[in-house]
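What follows is a pair of complexes built around chain A, which joins chain B in one and chain C in the other.
== the complex of A and B ==
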């Protein structure tokens, strides 16, 4: 045994790493979190991109955070506050009439669509609730079952059964297909169909016609309470701060500026880490909040089975999502948008074909000339983010593939220009208002947050990489082929989206494993 | 008026197979066919004097061997001659030859990538594993996961145990295989563009999906799970064209006392007191029977052969939402001689195999993007064969017949329905593509029949020209095929059944849906099961 000061070292202070630290510390473990950067939160970050202008650097809306995690870690007591909740979603129409989604209520759609939407929401919420049961705990083993796995599987099967014949049949029918077909079956309004498609493709290398997008839609609505998303006061970094405070309150220690050079093995077991400055830290447990590929890069392929290395290599993590930040001289005026709705979640995508067309380019390593965007102007609700009278626009823009054929040196200007001209068409004059602009491409996200491939969710959330197959066979129960090394980040089940569940599940798996041993 | 035990609508291979088993069990069965010839999409026709065109389905492999043996199709005249391999021509004048000989294939792959040559064995083993798993479900009725009936629960348990029997990693790999795209799947093994393109074709043939659409790895199985003479995954030519399959099934059916009437266009299923009681033909003739079986696709069956008022409303809705998207076209060409191909010796074994001209996944996927936009692919994927190199009975001596399967080709164009001009332009695109690799090809063309989804629908009755009677996506597979509630071959009203490719296990000239439907019908009639059990010990 080691004479280590700590029981567990956690690689990375992303929100999942911090959640895991908090739960492990509550479980009586001595935990040290090692973070390469100077602040906690990972992708939950606030960034000053121009003097006086701050913005959520990656995810800008909070809609998935697990209520259990928020409650158990008392995040609100640790400083999490909202600038706005239950945001409406507005699909910017360009020339027509805007569509507003306010909870279950639609404005700007036909009575038929309203009726269909109410039913759609009811179903989806039921499905998400069942899916949540699969996600809120480590997934049971399927063939190497023990008593606990059998009980859990029976319970999960029962949860699905309780949907009743009609809803269960519909789930089994649409669960693995694409949002395009489901939307075509049920709705008329193209803006509504586009809005549902955006929910299904944001952050992923998929278009509305890609099978799996219904699952992606459900994943996004995992903790949907029927309201809209929320804006975190002070930007998403405040969420990271709250997680850090919760972890520290539970007894974990966080060390910043500690870049990890390798995860070290002794007798084929994880035994500690070496920092970039040469410091060796020993612990019986190493828990990685880094993405799958980065994690096993730190272990080194020579310490791993060739088949497993191949699996890690094949994990699909092709980022297609860029982030556009604009410092604005005033509030932009979007055509057809009721000014009172300027602080809503704005979608710049008017048809499913338009989104699919934008995706086409990503398949071939090209940027979309007509990108689709999810836009927020957080300063409408939170004046702490910009100087008085000024505004900050934050847009999640797709599709901008990580591996751009033309190279990002040349592609950056072009994609920025494409985004700005899309915005200009929707809000004439916005170009004049821009004081400063910043585009974070997938390679930028990789460099800044250590995400291999620049994928927001650490890896595609598609059925071959979801639930019990996430991230890869052999590492799908938080434990990895390296004894003592665990995963706790978005690469692990249930995946990304600022849920906090991967960290919580990992801690549970670790603590349960220790109990069993 | 004579009352039959059963009427089967449509003399496609599944209708004939179904009828043969019902007749074998002693029922008095009538098969009604709209066309003057039987076979549906499994036909051989002389459309140019002296040439036999196998103008819909064109190769044979999936036909379940259990059925073929049980109905003694060989005795009834069916002979399947195997062919092997394939070739993909590249734009730089080279090619990749998928040689049947393992040593030669290794050398050929290594010529493009040594890494790929070494990965091929692993690829084959992994696909074979999936093939073995799926084969045991082909001749079974899918259990209904929402039902609490003992038989469904038993079926579900059997299915679960087949899956868990693969072990934890095996099971996870299966789930991954069923849900991933053929492009991503191949990317896990291979690096050479042309090798990936060559192997990806089977993942998209007949489906309105691209090589990067999740779910297409599974479609690969629909082209790997067959066999010829016990060689799993092998393909062959039915001697005399695919019509020979239908003829053999018909002959077997007649030997059991069955009756086939052609030129009998079923207009409507007669429903009396909530049960199917017979059919009315377009010319007004009525035929009565205790039960009616439809070999037509689900859309055609429920939306065209019924008064909507005779059906439960949800079924009409389900039929309307059933996805049956035409994505392929076909050229059947009479050739004055054997064309030569750049880089291939005239006696190359690759001349006996399927030929392709698409040498990268990107070109494969871009062909699909054209389809999404409502136009035929400007750079299409073609699967070209010259069956006369193996079966000389199909053309006069020294002459040849070429069959060209083309993907993608939409059921209607963005600017409106198909016109003869558009059809010819589509045909010309395909001919030009082949001619790029075969300098004398154009000069040899004596006749060319161009078929878009429009022609396939018109003549064969395939809605939107979909060759599988419905997309092979998860919402339409297993217990979802054709839709939940109708997936056990029973229609939504008593005395009515489905037996076409729109039911499990789906399309391809497999005959499994026909046999499975017969088993369910005989069970309902409390008659002994005469259909063959699925054999597992391959």
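== the complex of A and C ==
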């Protein structure tokens, strides 16, 4: 059976796939989104992991969403609501005084640190703003420059130039180095340095001393208004729902339970897809929201040049991030934490060396015995997620390498125990409060979300895999070596995080008639 | 001392016989092996291959054994030819390109039996073969050291091999292969070679190598058999118009400077590229080149006079350099002064008046000439016996 009623098929209803669908549909294309799961949103998901307890299954904080995307797709009109905004970040000290980051204001730090932090925030926000200009549109072609590429490059160069001498020089100095060195030279408070490091390494196979972590930090703050992250009402799945509603309102159709078995080619051009149930769907455009490796696995190596397959193979996508979900009988009491701050973004990482030490294990295929975590208790702000009086704790925990040497069958219990021990030390008695617990390891994330390698951002956010080299040469302008096949997910520029920009950029490139690379 | 510390060139399995026959003791390295430039006299060896039988030790030739469930689709994606058309028991000359459609190497693919292949190449290319295997179920083994081989080339080669006991060999068609029991093992004979003449290549396990050499030279004595070295083979292959990796083109993986690699079209090998067989590495780039045009044209030139034009600049009639010769020799059997040359587009059209700038010295006196070149259309050396089946029994 063939079905040529659609102009474009989108592989995967992640938020980028849906954003792309919405923009393509607005551009007059007939779009069908094919999703293997039963819900939209991909990694923007809400999951009931124990009866009556729901949690954001992957990303749990929203801090990167592109305001242009939110506005153009009218996400709030399509149901996006916030349970809390402008969350403070609290670094849990264990012993001693906690550190609170509230916008540009620090509590628990010296006056020196406050002054340095104000300046640091000012600079970083300027840099992120420039970087955002690079990210909010398809990157210009550097080698085969056409008129509009030249104009765009000139504009971007001007944006960098307008930073002024001092800030530009500082950007060039720190842009490719590591967050550890930058934090070390500018701040005194170890908790503050740890907090900045966490921003730079969350989701990545990197420690604070890894090169490029300043870039990763900037990436995380792409759309930073300086006010702190938000919690989506109903969990992150509500964001997925809003994207889906926006796509449907624009005229796109979404089909769930439609797992793709292959992306099909006719005469070496993309011509459609075959579903796992054998259905053939034809369209001249196939746009993949799936990660780079999964996408080209669906195409098959025999349909691609060997050198390109090698680049895809070498794309660095080693997941190290696990997700811990706890159903709690009551609100845990963290030592030294003002109970009013329990709904903040809590960081369980007290020194940069502690984070680096946790990362060391991952380098050698082991789990960190003392994991670092980003914790939220969304039920403080959103009582829809748990029965009355009960709470859910969500923790992004590192480092849990995808390719665990001991294997995840044995490793799951060990890592869960390590996480709970860390939490117990910070919140004595929390263990007693646990009604149910779930750990999603990188292989679980791979299985659940189709992420090859279990990497949150589809692949490392690093300079060799960013901007005009993301994900790999030959597929770095949304078009791929297969005519008619495009990328629109986190594998593509500008990369991971709940931005919506990859999907928007891909749609723009397609509507502008991007040629096969 | 570890094997790594041994920096001596390697011996081929025929080394004891080669060394005994090599009067000149002039060796050159060939992919890590010591290979004779000549045994006694280059001309005698060359004429043996053209008028009797020349035997060449080609054991250093890089050989990969390729098998596994995906072997055929793997090779079809690796090589520019339609591998499905090379039936079991057949050999095909072919080449392979990188993503940019630039030639990595040329070589021969032996379809030994259903799904079991041997790829013979000039260059080592295991890395590229393994890269091409990503995501596919194939086995690739470098069997360069596990297979000894002699090229047996010339008009009496079939008779000499038949005298060795290879019955029915005359019925083997060009690019066919056949197996014979030999010395308690197996001898594979293919009707292939690098001289453009009647000839065979004989393949055995190294343990039977010396026995093969001895049997062949004993049987071939009345057929004027003679070992030949690299220099004689080089002369024969230029006369046959064959190109050589590293000489007439730089393998794309070794190219350092932008634009120095060559596509199949730029080597005159259009006929080896099959766009109708489905995808292969380099296809998109080559399609684009076919539409947009090539940068270079590869030509075979008949150079006036008898002074070879190695590395000569090729000039147009205004004296402007439009290319250079990559290989050149006075070819005694064809009686032509041949140069293989790479020319910038659009030069090399039939109407172009081209000259080779040749420098030569006679007793320390250097002379420079500009010799008129004519493009050779069609074969240079192509005796009917090359294709005759049954092969003539000289």
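In this text, the second predicted complex is superposed on the first by the 510 of 517 C-alpha atoms of A that agree within 3 Å, B and C clash if a C-alpha of one lies under 4 Å from a C-alpha of the other, contacts with A are read in each partner's own complex, and residues count from 1 in each chain.
The rule is short, and it goes like this: a residue touches a chain if its C-beta (ideal position, glycine included) is under 8 Å from a C-beta of that chain, and two chains touch if they have at least 3 such contacts.
The structure presented is a predicted model; accordingly, all values stated were derived computationally and were not measured.
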item: Which superposed partner A:141 touches (first chain B, second chain C, both, neither); value: first
item: First (chain B), second (chain C), both or neither touched by A:340; value: neither
item: Which of chain B and chain C A:481 touches, first, second, both or neither; value: second
item: First, second, both or neither for A:302, with chain B first and chain C second; value: second
item: Greater residue coverage of chain A in the superposed arrangement, chain B or chain C; value: B
item: First, second, both or neither for A:111, with chain B first and chain C second; value: neither
item: First, second, both or neither for A:410, with chain B first and chain C second; value: neither
item: Touching partner for A:268 - first (chain B), second (chain C), both, neither; value: second
item: Doubly contacted residues of chain A, that is, touched by chain B and again by chain C; value: 310, 474
item: Residues of chain A that touch chain B when the two form their complex; value: 141-144, 161, 165, 168-170, 172-177, 181, 185, 209-212, 310, 314, 316, 353, 356, 360, 363-364, 462-465, 468-469, 473-474, 476
item: Contact footprint of chain C on chain A as seen in their complex; value: 265, 268, 297, 300-310, 313, 474, 481, 516
item: Interface residues, chain C side, partner chain A - complex; value: 73-74, 76-78, 98-99, 128, 131-132, 134-136, 278-279, 281-284
item: Complex contact set, residues of chain B against chain A; value: 145-146, 164, 166-169, 171-173, 175-177, 179-180, 184, 187-188, 209, 212-215, 321, 323, 362, 365-366, 369, 372, 473-475, 479-480, 483-485
